[in-house]
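Paired with chain B in one complex and with chain C in the other, chain A is shared by the two complexes that follow.
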Partner chain A sequence: MTTSQASARAATPPGSARSAAGHDASGCDASGYDASGRGDQRLWRWIAFAPALAMMVALSVLPIANLVVTSFQNITWADGQATRSWVGLTHYRALFSDNLFAAGLSNTVIFALAAVAGQMVLAFAMALMVSKIGRGRVLYRAIFILPLLIPGIVIGAIWKLMLNFDFGLVNKALGLFGVMPHDWLGSPETALLSVIVVDIWHWTPFCFLLFLAGLESLPQDVFEAAKMDGAGPWQELAYVTLPLMVPTIIVTFAFRLIVAFKVFDEVYLLTGGGPGTSTEVLSFTLYQRFFTEDKAGYGSAMSVAIIFLVSILLVVAISARRGTGRQP
Partner chain B sequence: MRRPLPSSLMLHLALALCALVVIAPIVWTVGAAFRTQISLLMGHMTFTPIWNNFNEVLWSKTSDFLLNYRNSIIVGVASTGLCVVVATLAAFSLNRLNWPGWVVHIFLAWTMIFHMIPPVALASAWFAMARTVGLENTFTGLILAHATLNLPIAIWLMAVFIREVPKELEEAAIMDGASTPRVLWHVVLPLITPGLAATSILTFISSWNEFAVALTMTMKQTATVPVAIAKFAQDYEIQYTQMAASAALAMLPALIVLLIAQRYIVSGLTQGAVK
Partner chain C sequence: MTRNIRIPRRTVLKGLGAAGLGGALAPLSWRPLHAASVAPITIVINQSPWFDSFRKTVEAYEAETGNKVELDVNPFAGSLEKQRNSVRSREGQYDILIMNSGWFTEMYAGGFVDAITDIDPGFQLDPDLYTLNDTIYYNAQKKSLTSDGKLMSIPVSPLIPMLYYRGDLYEEAGLTVPKTFDELEANARKLHNPPGMYGIVQRGARGPATVSYDFYPYLYGFGGGIFKNQSEGDFTVTLNSPEGRAALDYYIRLAKEAGHPKTAANDQANVIQAMVTGTAAHVMMVISAVSQMDDPDKSAVVDKVEYAVPPSAPGLPTAPALGHWLAGISRNVPDERKRAAVEFLRWFQTKDAQLETARAGGVPVNAAVYKEPIAEERQYRWMKPLAQALPHAVNSYQFPEASEVIAVLELGLNRAVAGEIGSVEALNGMAGEIEKIMAGHNYSTGQLSPLQ
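Up next is the complex of A and B:
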């Protein structure tokens, strides 16, 4: 399993840190225990696997097949009856001339890259600091986790209040430094930036947790050796900690980037894609076309296109992980 | 280029600043829930706390929030139960019952792709399917949808915990003549209860927080908490303080879980996320 190698690297408890060095240590043990011809296993493995298989087929494979079929059709509703007609590639061609889709795509890319980059830098600094302090580790960790557990919609509500032009805490706080109040969500120049900042607030804790787990599982003897050789703290960071953390950093980056592409809740509540198309993101475009405008055929084509884009991202992520996995 | 290590005091100051940035918005919003709309709009720094917003949100005839809260609990508990049972069985089967490698790989690869798809893209197809079989606007439809959405992470998580169980224990039980279900029930399950707890908590929180699918698959009677909160923001004149009050109520489960089960959350998030 490609997946379990990551766990060994990112989340091994300190005691078993050694296995993190040998990447294949925990990799491939899907073979099961050596059942010397036990007859009931053949039956039970099906019984135990069947519910998950049934759910995934019924609720992921079928819906996606349905989306693909619908993406070649036009659906019109009359008296509760759907009439389907084949339209070939019309919807897919229309995607290329859809300004909203283009805006959604470019905003999503900007949003995901900027937000994830911000989160990675902040989270790394926070994790490094927490790993260096003696007492208070658990307290800081508890506080930093909090945003992760709050519903995205509630985070939207919190920041809609915080960023309010008239009474929001952000303008109040900036006012203390003599900054004029600004309509963060209402101006096209700052709306996307605001959504990015909110996402950073939301997800930095997640990167922080993974980085902290990674830092805590690094082999201590390397640091002692570096100290013996007279490395200062900044040299230690640049030449020991960072190189050792590269696998964790890449895994975290890939995972966050994928999730960032799904962003919907905060945008729905904070800006509704506006002003204009300044915060239009893919999920929201899809929602508007499919549900608000009730274009099932076109919406399905857009879904298929998004799934296709996301699959490309996955392939890139996996090959990136493979690439780093081979490094010593 | 050599500079001294920042002192412990500096570290604590910097971390305290981070903690402030995390906590201040939450505290300020909860504070707003105890104010009058006028006091909030005027931006007074001090105020006399009032319960009025919570009364309006919870008990007013025009508010469905209690119903939404109940709906969220029903959907969260049922989808978590379903998801965790199915995921545990699948993880046990895939890791311990000698499936050919390609079955395991294809299935896990599919769950990974599925996990990456924006829920909105699936919501449209689920909505159409639910309408076909008469499950639109029912709890069953949303419960199935949430259980499926969380299934990939639950399976990966349970697989990690099951792989940590020493195989020798299972082999010994088999040598003693235990059947496969008995091995799972009497040997594996007792050893993975912390993992079950972590997975259940994360699955519940994820269902509680889920918005896009709930928005498209529910109506007034089955709407969950996030759907209700989103409605506040769409009103022509936003009731800011009531929005803050319902936001505060929606954060309650997260706070409770954080207080009593931080350990499980941390293990769940760090193990499950990267898989």
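Up next is the complex of A and C:
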């Protein structure tokens, strides 16, 4: 018996415990409830559960079901009225020949992996440093989390100015070292990289906060034991800190990866998906197809595909978390 | 349909007095001298360089008639989304939709706007109003934009691109105004001295209607086009013709050799910025940006910018693409508000109202204004070349699925300008995709043999 099970059993009133045991053994509880009594209990459970279930169906299941149904249809308008026609799997098949979708998928994977990897490394280093600082920890923490508090639209404005070809601070700074100005957002070679850098700047504080919380909750006696055994700073990091932080790292990575997969605002504000398809990402492709081109059926199929891809990430993340949970 | 218009006594007396005076002085005009007092209306509109002039014209209408007009101002894409949401609901939020050339056909064909003459059979179009390739009419049977159709809208802004050039630099260098693309290229090369001065700054970014709109004057000016004959229902894609290739090669060469290094990322704001900050010798820019050129608060080149009709290939006429805005009346608003919207449009189309628009920095939709003394004033030096170019304006899309085609053009052209793909690959690729779109919507279509 685990500690939590024991506590729960201990906290349960004797009558209730008997009742539960009685049901399990004979189908008739100690207070005299028969089979129809169990039926009443089941009914009441459902009645109590119904509002929550109805709300979940209305808010989650129905919209997604509607999306799935629409993904098999075409919607056309005439005389101000919509006409829906069934097209089967046409939209799903079309996804495979949609160059924009392919570019969006490929760039999204690159973007998500590169941005999240950058954020993880930077955030871990920052969290490690702040966790070692005695004085001014609150100040550093406040400074480091600042980008997280800035609205996305402001971040777009900040970096559009920073990376401006003619008067951006980045080119001005490079000019001091004799480097010619570069079109960071307009060049196919650097546009995606620039958006990744902005995303790293924006989201590193989020990882930093999670890592700092993780580091501060690590048991100090392990570190003291390592020191007594003569472990240096690097050995302590490699053999004590990192192994203990693995669950936090995996959760942070998974969480960020899922959010990075849904990137839209930074791309929309900084590059509009261009130049060409160099910063095309899935959310932007969906925006283009569904909203700009008004292709509700095809856009719905694309939405379902994106939900499916994000769900895979979610399943992988949960599996990884469970895997680390079994570790000692 | 019974009319239920509330007319205050003062307005009646003013109207009678004015009508009496007008009758004594001249034959009875086709136009009422005063708009009727009607219900408040709401107009959904985009935030464009010409918006301020529209707002001031609306204020003049309110002051003159006492009627109320509410403006819902949005970014370009946001305006379309709001319009779609409104016209597809049971009762619309907006009485007048300000529709762009990229989506007005969607509104006509979808049955989202009512014919003005259905709301008011007595409505008469001002004879001097620009009909802009007859895009204000729609024939639902033929699915065509032709004058045998119903009157669906009134032009709000007759926007086409014009050639803006630095008159002072031309004078210093002894250059003449270019009429052909070769002359434009030669002048741009001569004045190209980066990073302080770029021979030409183009709008090559991918957007809702960005690089495609910038490219059209070149495409049409070289004798190319997107479709064979839209008015006749022939949607054979001709984009990848030799003329189309010549236009795209020229456009890219201009960008690379006499243009801005970030052409592929330049949107309209960047191009205007380059001109007003004095770092562009030429831009091919929508005419509505003129108001910013001589504004001392915004411009470093006050009184230095001149305007000309867009150049073309030798022997071909100038062919700027329409990027105009039209005002249509939502079908799903109460009759009272529809009639109020008609009253506003009846007033808006007149020469007097359009003079107001011009003085407020806008571009008039009434040809009579261009013959007024105002067109001779230095401040309005853009009026004469615009009046020359407008009759040659080309409407790029006559079908409701235009937004899908624009998306293909925006991506393909942007990739070509950015150097991701060559012009032949871009044109063949776009032609193939456009044919697929048109075939998917059951249009009579096809395409030329691929360019080699």
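Heads up, the rule we're going with is that the second predicted complex is superposed on the first by the 272 of 328 C-alpha atoms of A that agree within 3 Å, B and C clash if a C-alpha of one lies under 4 Å from a C-alpha of the other, contacts with A are read in each partner's own complex, and residues count from 1 in each chain.
Here is the rule we use: a residue touches a chain if its C-beta (ideal position, glycine included) is under 8 Å from a C-beta of that chain, and two chains touch if they have at least 3 such contacts.
Keep in mind it's a predicted model, so treat the numbers as computed, not measured.
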Have a look at where A:Asn66 lands relative to chain B and chain C in the superposition and call it first, second, both or neither. first
So which one touches more of the residues on chain A, chain B or chain C? B
First (chain B), second (chain C), both or neither touched by A:Leu53: first
Once the shared chain is lined up, is A:Pro219 touching chain B (first), chain C (second), both, or neither of them? neither
Go through the superposed model and pick first if A:Phe291 touches only chain B, second if only chain C, both, or neither. both
In the overlaid three-chain picture, which partner chain does A:Thr252 touch, first (chain B) or second (chain C), both, or neither? first
Considering only touches as defined above, state whether A:Thr277 meets chain B (first), chain C (second), both or neither. second
Between chain B (first) and chain C (second), which, if any, makes contact with A:Leu185: first, second, both or neither? second
Which chain A residues are contacted by chain C in one complex and by chain B in the other? 166, 291
Any idea which chain B residues touch chain A in the complex? 1-5, 8, 11-12, 14-15, 18-19, 21-26, 28-29, 32, 40-43, 85-87, 89-90, 92-99, 101, 104-105, 107-108, 110-114, 116-122, 124-126, 128-129, 144-145, 147-148, 151, 155-156, 159-160, 163, 167, 170-171, 174, 179-181, 184, 205, 208-209, 211-212, 215-216, 225-226, 229-230, 232-233, 240, 243-244, 246-247, 250-251, 254, 257-258, 262, 265-266, 269-271, 273-275
So in the complex, which bits of chain A are touching chain B? 1, 3-4, 6-7, 10-11, 26, 29-35, 38, 40-41, 44-46, 48-49, 51-53, 55-56, 59-64, 66-67, 70, 126, 129-130, 132-134, 136, 138, 140-154, 156-162, 164, 166-167, 169, 172, 201, 205-206, 209-210, 213, 232-235, 251-252, 255, 258, 261-262, 264-265, 268-269, 282-284, 286-287, 290-291, 296, 299-300, 302-303, 306-307, 310-311, 313-314
Footprint of chain A on chain C - complex, ascending: 77, 80-81, 84, 87-88, 106, 109-112, 195, 205-208, 261-266, 279, 331-332, 403-404, 407, 411, 414-415, 417-421
Which chain A residues qualify as touching chain C in the complex? 77-82, 100, 165-166, 181, 183, 185-188, 271-278, 288, 291-295
